[in-house]
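Labels A, B and C are assigned to the chains in the order they are written; within every chain, residues are numbered from 1.
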Amino acid sequence: MAQLSVEHLSKTYPNGVTALHPCDFAIERGEFVVLVGPSGCGKSTLLRMIAGLEDISSGQMRIEDRVVNHVEPAERDIAMVFQNYALYPHMTVYRNMAYGIRNRRVPAAEIDRKVRDAAQMLNLTEYLDRRPAQLSGGQRQRVAMGRAIVRDPALFLFDEPLSNLDAKLRNQMRIEIRALQQRLGVTSVYVTHDQIEAMTMADRIFVMNAGRIEQIGTPAEIYHRPASTFVASFMGAPPMNLLRGHGTGTGAVMLSGGLQLDLPMPTDAGRDLVLGLRPEDMRLSPDGPIRFDIQIVEELGATRLLHGQLSEQPFTVAVSKETQAGPGIARLAFAPDTASLFCGQKGHRL
Amino acid sequence: MADPVSTPRRPFRWSAILDHGVLIAGALFMLIPVYLALTTASHDKLLIQREGLQWGFGDQAGANFSAALFQSGGFTGEITGATMLMNSFILGIGFAIGKIVLSMMAAYAIVYFRLRFATLAFWVIFTTLLLPLEVRIVPSYEVIQGLGLANSYTGLIVPLLASATGTFFFRQFFLSIPEELVDAARIDGAGPVKFFIDILVPLSRTMIAAIFIIMYVYGWNQYLWPTLITTEEGLFTLVRGIRQIVQAMAEGSEIPDYGRAMALAIVAMIPPVVIVITCQSWFVKGLTESDK
Amino acid sequence: MKRARFHHRLLPVLLLVPQLTIIVIFFYWPAWNAVQSSFFLQDPFGFGSQFVGLDNYSRLFRSAEYMKVARFTLIFTLLVTGFSLGLALLLAVKADKVIRGARTYRTLLMWVYAVAPPVAGLIGVALFDQNIGAMTRLFSGLGHDFRLGVNYLDTAAAMVIVSVWIQTPVNFIFFLSGLQSIPQGVKEAALIDNPSGLRRFWEVTFPLLAPTAFFLLIINITYALFDTFGIIDTLVKNNPASNPMTLVYKVFIDGFRGNDIGGSSAQSVVLMVLVLILTVVQFRLLERRIHYT
């Protein structure tokens, strides 16, 4: 059964700005869903609408079987972890975690048990009497998690919870959050602008852009079969190469620099097309069909990025550390089924 | 082994002497008038009249201060320095508390609620920042007179509350509190009243202390309004009492009692000065926040 | 300004009512009365009043005495503002520079903030007293016979000195806090770019301090116009006679001594307009400040 489902959900502000165009989706019990997109794409608005912090302009939202459009945040059986943690600075860790359930008039003994259980789970037991200012960033993050866990909610909501941590801690917390979610089995909606977080944590990813959900899919689907040029360029690092060209009518693309590539799909003659090629799907091959002019080599340790020109368009190729390459002319080859083809005008996948 | 390196001595900075010289001169400019008031307050009026203001301490301090505090004065002879001290505390503390309560409530309404007439309320309140009481002193007096509030603590304190300074301070402070805390509180099931009591008030403690100090000093130091509104001597504050002394001196029928007058001046400045010095960092923070 | 808000209708109204009630009764009502009675001539014995249009105003601007008071107010304001800002800036720059004793200096230079203007005035009366005053003796040592309350210029000088004494601390506090909020990186960059301390101050520090200075300028003008009432009233020993006085003091004298309610109200309105102009200027400067930060 769906834990959260929405129909024709949309958000328009009083000043006429539409933050979210009507959308429909359902999230299954125990799923970890990541909303990802650039800033201003509406992902946080959607999350805040689920939380009840933002009004719903039209459409319907259900948590389990209950319509929650006009239910107060505290009554929705949700918990939220905020970007800046939103810990109450004047309360101890213990009181921060207990505040929500205390307001629900849970018996004191039960509050104590729940807080201590959560603290144990998060290695916070020895910090229960401290205030947030006396904790490190990672510890504050855990307290924010603890506050959510204590509520024992039907739905966890995360609003860019890792964006204030340094890179190393971010990687570690990413794994911790995912492990915790799997252990507790709580349905989660997680907002981020970081596509790596989205790829590594999600069961399903919602890619959003300009108030619309562009694609819903598993990380593999999003990565290998992006639904639009936006998704193709947003997901993956380095991003997918997008080459402009037009169809020849004979199952090939004529790139705007004059190079013709054969593809295993029909192409309407004269139609504007965008050909998408993942940098890591390309390989250097002395007798490959494509001429690639390498200009800069970026050393990343495990891999090496070759930046240059392909048919007079910028192009990047990722090769393994064993492959030697330097500036100059090289030849490329790729498996045709790894290519994506998009409409040149509207950007959708063909 | 390399040759031992000799660390060059830092050249003596003559400018440091200049810096300290300027600061010491400034500090003396601030201190000397009050020091002279203090020394003068320890001498007999005849000695002062004969030899001028005194730079050293004399033996009449006890007599002058007890006269300033406990000897009856004024036309009716009903007012002592101690009564005035009491009234000053009532004005200072009453004004500060009234200001904090009113302005915190108003700022809370303005910042945290969606109000139909928010802009109007905002302007109605903040226009008061423009016109100090001194500008509209005569009509204000008439209004209080008409309401029968002259010669009452209410008439003394409440009209002074009709300005937005505190509201402005609190508004600025509330706007600096992260919005996420409101969201978190709403998810934690705290309504507006609970949020105010459980979260906003505890978070504002430092700000409340700072505003209390500023307003207490402001209330304590009020002069013009108390002068107008209290004609009964039993309601005089210390600062209002200064006027009485100056008037008595101006009449010049007897030798001006500078010893007692300076003693009263010292008594009138000690409570605000002490609180400003002891709570310096709060007070400075509160004051300069308003600049933001 | 986007804010998470509570959705209640009655509560915010209840929260605002006390403040609004007090403001309406004790601010708008008197202010309105002032405007109204500035168009009437009131019988000194309180028997009715007569509509006279702009007579009170034209009487005001034709009055040589009022013009003299206005001129004094202008000069007084300029002197008090100039001296107290200049002195405070000098002290703040030095206090920001020294390392040893910084806290002590700060305390010593700010505590006078808490002294009430009339208390300062009373100390001034003693210092400038004709027979016993220390300042009077200092002046007579310099060959000048200082006569407070008798000589117009002497009284004016005493008013300026006492006002500067009491206004310098607040300026000092703001300047010091402004100096301390200049980012360390900027100070260090200036140290590398510019060897001359004085030029560093005028080319880097002072422009960054300008917003604070603008703000203080308005505060000081307001102070010199209104808050000096207690100083003036004590220094003239409640006997204005031919002594210098400021516009606010004249409102008080005419309203309560002269019983000229109409004239006093017209003066109030003139002051209100003056303050409104100052405020508009302040807002425009505040707008410009935003570009700095």
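Things to note:
Following the convention adopted for this analysis, a residue touches a chain if its C-beta (ideal position, glycine included) is under 8 Å from a C-beta of that chain, and two chains touch if they have at least 3 such contacts.
Nothing here was measured: the structure is a model prediction, and the numbers come from that model.
Minimum number of contact steps separating subunit A from subunit C: 2. Judged by contacting C-beta pairs, the busier of the interfaces B-C and A-B is B-C. Each chain gets one centre point, the mean of its Cα atoms, and the points for subunit A and subunit B are 56 Å apart.
Per-chain CA centroids place subunit B at a distance of 16 Å from subunit C. Touching two or more other chains at once are residues 53 of subunit A.
Taken residue by residue, subunit C touches two or more other chains at 4, whereas all remaining positions touch fewer. Contact with two or more other chains is made by residues 180, 183, 186 of subunit B. Taken in their complex, subunit B has these residues touching subunit C: 15-16, 19-20, 22-23, 26-27, 29-31, 33-34, 36-37, 40, 48-49, 51-53, 102-103, 105-106, 108-115, 121, 124-125, 128-132, 134-144, 147, 158-159, 161-164, 167, 175, 179-180, 182-183, 186, 191-193, 195, 217, 220-221, 223-224, 228, 239, 242-243, 245-247, 249-250, 256, 258, 261-262, 265, 268-269, 272-273, 275-277, 280, 284, 287-288, 291.
Of all the residues in subunit B, the ones that touch subunit A in their complex are 178, 180-181, 183-184, 186-190, 194, 198-199, 202-203, 205.
For subunit A in complex with subunit B, the residues that touch the partner chain are 48, 51-53, 72-75, 78-80, 82-90, 99-100, 103-104, 147. Of all residues in subunit C, those touching subunit B in their complex are 1-8, 11-13, 15-16, 18-20, 22-31, 33-34, 37, 87, 90-91, 94-95, 97-98, 101, 105-127, 129, 131-134, 137, 165, 168-170, 173-174, 177-178, 197, 212, 215, 222, 226-227, 229-230, 233-234, 237-239, 248, 251-252, 255-256, 261, 264-265, 268, 271-272, 275-276, 279.
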